[in-house]
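Order as written gives the chain letters A, B, C, D and E; numbering starts at 1 within each chain.
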Amino acid sequence: MMARLHALALVFLWGLVGSWIVLAHAEVDREKLLTEPGIYGTFAVFELDDKWGWLEPSTRIARLATLKGVVEQHREHVAIDVYLLRGLSDQADVLFRIHATELRNAQEFLLDLQSSRFGKHLEPVRVMHGLTKKPNYVPGFSDQIKTDLKSPSEAGEKPYAIVIPIKKSAEWWGLDQEKRTTLMQEHTAATLPFLKTIKRKLYHSSGLNDIDFITYFETSSLEDFHSLVLSLEKVKEFEYTRQFGNPTLLGTVQSLDEIIEILAQ
Amino acid sequence: MMARLHALALVFLWGLVGSWIVLAHAEVDREKLLTEPGIYGTFAVFELDDKWGWLEPSTRIARLATLKGVVEQHREHVAIDVYLLRGLSDQADVLFRIHATELRNAQEFLLDLQSSRFGKHLEPVRVMHGLTKKPNYVPGFSDQIKTDLKSPSEAGEKPYAIVIPIKKSAEWWGLDQEKRTTLMQEHTAATLPFLKTIKRKLYHSSGLNDIDFITYFETSSLEDFHSLVLSLEKVKEFEYTRQFGNPTLLGTVQSLDEIIEILAQ
Amino acid sequence: MMARLHALALVFLWGLVGSWIVLAHAEVDREKLLTEPGIYGTFAVFELDDKWGWLEPSTRIARLATLKGVVEQHREHVAIDVYLLRGLSDQADVLFRIHATELRNAQEFLLDLQSSRFGKHLEPVRVMHGLTKKPNYVPGFSDQIKTDLKSPSEAGEKPYAIVIPIKKSAEWWGLDQEKRTTLMQEHTAATLPFLKTIKRKLYHSSGLNDIDFITYFETSSLEDFHSLVLSLEKVKEFEYTRQFGNPTLLGTVQSLDEIIEILAQ
Amino acid sequence: MMARLHALALVFLWGLVGSWIVLAHAEVDREKLLTEPGIYGTFAVFELDDKWGWLEPSTRIARLATLKGVVEQHREHVAIDVYLLRGLSDQADVLFRIHATELRNAQEFLLDLQSSRFGKHLEPVRVMHGLTKKPNYVPGFSDQIKTDLKSPSEAGEKPYAIVIPIKKSAEWWGLDQEKRTTLMQEHTAATLPFLKTIKRKLYHSSGLNDIDFITYFETSSLEDFHSLVLSLEKVKEFEYTRQFGNPTLLGTVQSLDEIIEILAQ
Amino acid sequence: MMARLHALALVFLWGLVGSWIVLAHAEVDREKLLTEPGIYGTFAVFELDDKWGWLEPSTRIARLATLKGVVEQHREHVAIDVYLLRGLSDQADVLFRIHATELRNAQEFLLDLQSSRFGKHLEPVRVMHGLTKKPNYVPGFSDQIKTDLKSPSEAGEKPYAIVIPIKKSAEWWGLDQEKRTTLMQEHTAATLPFLKTIKRKLYHSSGLNDIDFITYFETSSLEDFHSLVLSLEKVKEFEYTRQFGNPTLLGTVQSLDEIIEILAQ
């Protein structure tokens, strides 16, 4: 759908810049960062400034090369994913999801990003942090649900990503662990029909921001995702939710090269 | 009421650009997108930037040609309607309503729109998405209401469009289907006197934004529309509504050529 | 209090421009628009942009002539009143109140206003619409109150105007007509002592914006107006009010020529 | 603490401008405006624009002379106090407190201020109005409290000023006068220990803005002021307060010449 | 992680400027200001303006020298700490924490800071003040808790700082001292496991802003800090909290030289 005007130029450029960088930097253990507990996840949302759109294509391409450079450089310490929010979310163009063992590492990446020739065009809209932890309530669930939770999600492309911050009420935190486990088991049962088409990841945020959780989803079917949220609104636990979304971030999963090609237009 | 200064120039320009584009692009099945379930509707609200008003008329006309071009190009994949909000809604000038089988297609249109020479003057104010679905509660309604609902709306111009996002309370979602059906039947009965002069379309939004529904209306009589909303505020179901409007978008239905002529002033 | 530097130039200019326009355009039936039910009232609030203050006086005067021109031109279809909010209301400089039989006519005026050389300096802050209707509750009031309501307001200047948007709670709309009539009779009784010095006009807004009513007042005594609002806060009906003001717009009533002279400074 | 670079230039300038103006304008009866009931108080908060800081010192001084001029000119009709909020309050640099017998007079001052060469750099942040009235509840207090209330505040500098807007709940206004008097007596008793170091002035705002009261304080001890507010939070009347602050404005009391010297830096 | 391009230039510059300033200014008793009651703490949050990023490196370095100068100059009267929020907090780049015996001293520092060549690039985002006081509730706690509270925090770097403003409900302030002591003892008990890795400081804010407390933390482990907040959300006292965060400020502790080096990039 988009003009391929500068595609060749870009490919050529990344050929040069990219390979040099890959040689120069060892990559962090991405698999580990994305699956283990005790890892920090940072969600940094940016808007492009007014100047960006009016730059000459060649200037845009040159500046996007600095984005590529910064990302490659920091892949030594953090795992970086990019998403295109423009057109799908309110006043937001790009989302970076950064996994790190220390938030300082995510800060260093974002500092270098914002200092780069490309990054100077990025206006920070919002940043959220969370921590991955071992499941809190699953050990208390029935064996059936524990088994069901192990069914893997379908292979294949999941082009859409959704990020929903959540804050629970004081009343929720005042419930004892057993009561909360019962409620979360009902909540979890409602999610089972959607395990195939929707991948989910949970981050704990209390104290790091003004929310309690960041829920991250990838899906091949937004209709399924809509049905999932509708199911979750209907369980009792939802009454203890003070904030659900606000903002809901909706975007498409992109590789770094894809997003650079889109932003070069 | 508006100066026709450049009307001729515009007509001439569209004559050239328009016909070429119509030849080059097949159009999506608009009728299907506007009537079937399982279709995504995107409502994208924009403001014109400060620069737009101070451009030379000839520059404005040249840039508006890129709007025409982008819309025509994407009509292959999405159905696009345009509305003029300026003067009727808070800090909003133009609304695009886009119907697509996949939200990615709407995103691609909006990316190309915002990258166009005209689109660089558009500041995104708000974007909302919803999904069309088969009626949820109608199957449980009385036969009388089912029959009444089938009476068609009056033919003739319906120049006003209103978009009202709606969020229900957690309590609403906690009610069982039967209870909700009873409440929605009362709600629906209140709308029957207005079927003639007001057309309505419902989009389901939970999970795609921070609202549950987008309600879209077209009417020939804003006085009737006011009476309709007043009636809806008086039924019991309204007590389960946490957000109604905020914003209410009010505008006039326009063809692409009309809106281009207005923006060219 | 204000410099009369360019007053003569202005008078001269209006002498020329004004008389020509008055000849060219028939005026709408203003009296009818301001008194009958079924009329739309639009309240459009603007701020002047940063550039305005730094323009040369002669440029300002030339641009203000376009304001005069647009207003005169549209007086054929709509009734237009102007108010100076600067210094009295938050981040608002000018208010236009437009009465029209169709909201499209108000939109056309505002489009032409914003496209004019002067209007390009106006930043839209807020726009609200309402509809005039026959009294809802008065027919159910006691004869005494009906009589009292007929006492005319004092002649003489009422230099202050106040606009207060109002939203009622869902509970209010859930009350039956009789109960609401009883509450509104108490409300209305509280206003009787102020009929002499305060003129009031009511617009019904449900569905046209995110409010239910726009209440418009003109008064010679803001102290009386304060006492009136205090009285209204003490009646039972006030407990059903979810929004009162937010914003309260306070300004001074001005003729078009007065406001032009002030803005020319 | 601040550079005295241009102090001499300023003194010289005020010597010339100031004395001329003092001769030319009779001053309003300031004492009367500041003590009598039936007087309007306007609190106008401004931020300096981005350009101000980058002006040449000589330009700044020339423009500040227009501030001096406007203030002197309007002292014929209104009493004007100035406060420095920068560094102490959120996004606010300067506060003008204006006492007038008619709000039109305050509006005229603010119009001339904003039209002056200095005033074009002032961005209006917020404006609030209130009316002074005879004490509402004191006549119903015990003799002891009436006597205690008469003890004068300590002489000496009170360098800090605090402005706290207040909105009461609908429930408060629904209480009868006797009940409100009892609650206000408890409230007032809590303030007695602080009469020495804290001066207080009350403005009634209902209908003039979206608040019910503006409370204005001057103090030599912010620690005492903190203790006063803590005491007021603990009395029963506080439960009927829907808004307390938001914003709380905190600043230092300055003479016009002092604030001009500071802004000249 | 960050380029050391201008590091040598910076070191050289500070060598010259810094030592001269240290000779010229006696420092305030920082230890006393940071530990005693009756001290004011100001938290001033700034964003860098759009121009900063596009300045030449040499210009940036020259302007940062003015930051160094202002800080050194005011160290005579106030204790100043700096934090880097960029990348970790929403729309905030730098936080200054200023301790002073009088808020006027903090205001004077901030005035000079904002007037400096560097400070003109700082856009004030938020400023909060609080007062240190002797413990309110500890005297009423059990001996065990009193003893536990004395255990010192671990030595070693605590690179993260968190600032959480807190507002209690009217209901909280309506409780008697004994009841509040009981609730605060439970609250305090929940914090004991975290004394080793988390340092905490409390400021009382009622009347100085729209909050009641500013809580300040330093920690070596954000995971521990998250667990602490989770524990605090679960005690009964949390139900009396109306605002917790909003904003939560998260940043890294930096020396003045470190932050200058980072901002020079």
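Note that in this section a contact is a pair of C-beta atoms (placed from the backbone, for glycine too) under 8 Å apart; a residue touches a chain by one contact, two chains touch by 3 or more.
Fair warning: this is a prediction, and the values are worked out from it, not measured in the lab.
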{"item": "For chain C and chain E, chains touching each", "value": "D"}
{"item": "Numbering shared by both copies at the chain D-chain C contact, with half separating same from different", "value": "different"}
{"item": "Whole-Å gap between the CA centroids of chain A and chain C", "value": "48"}
{"item": "Inter-chain centre distance, chain D versus chain E - centres from mean C-alpha coordinates, in Å", "value": "30"}
{"item": "Two or more partner chains touched - positions in chain B", "value": "none"}
{"item": "Chain E residues touching chain D - in the complex, by the definition given at the top", "value": "38, 40, 44, 49, 74, 77, 103-104, 106-112, 114-115, 120, 124-127, 129, 131, 170-171, 173-174, 204-210, 212"}
{"item": "Touching residues on chain E, where the partner in the complex is chain A", "value": "1-2, 50, 53-54, 84, 86-91, 159-160, 162, 164, 222-223, 225-226, 228-230, 233-234, 236, 238-239, 241, 244-248, 250, 252, 262, 265"}
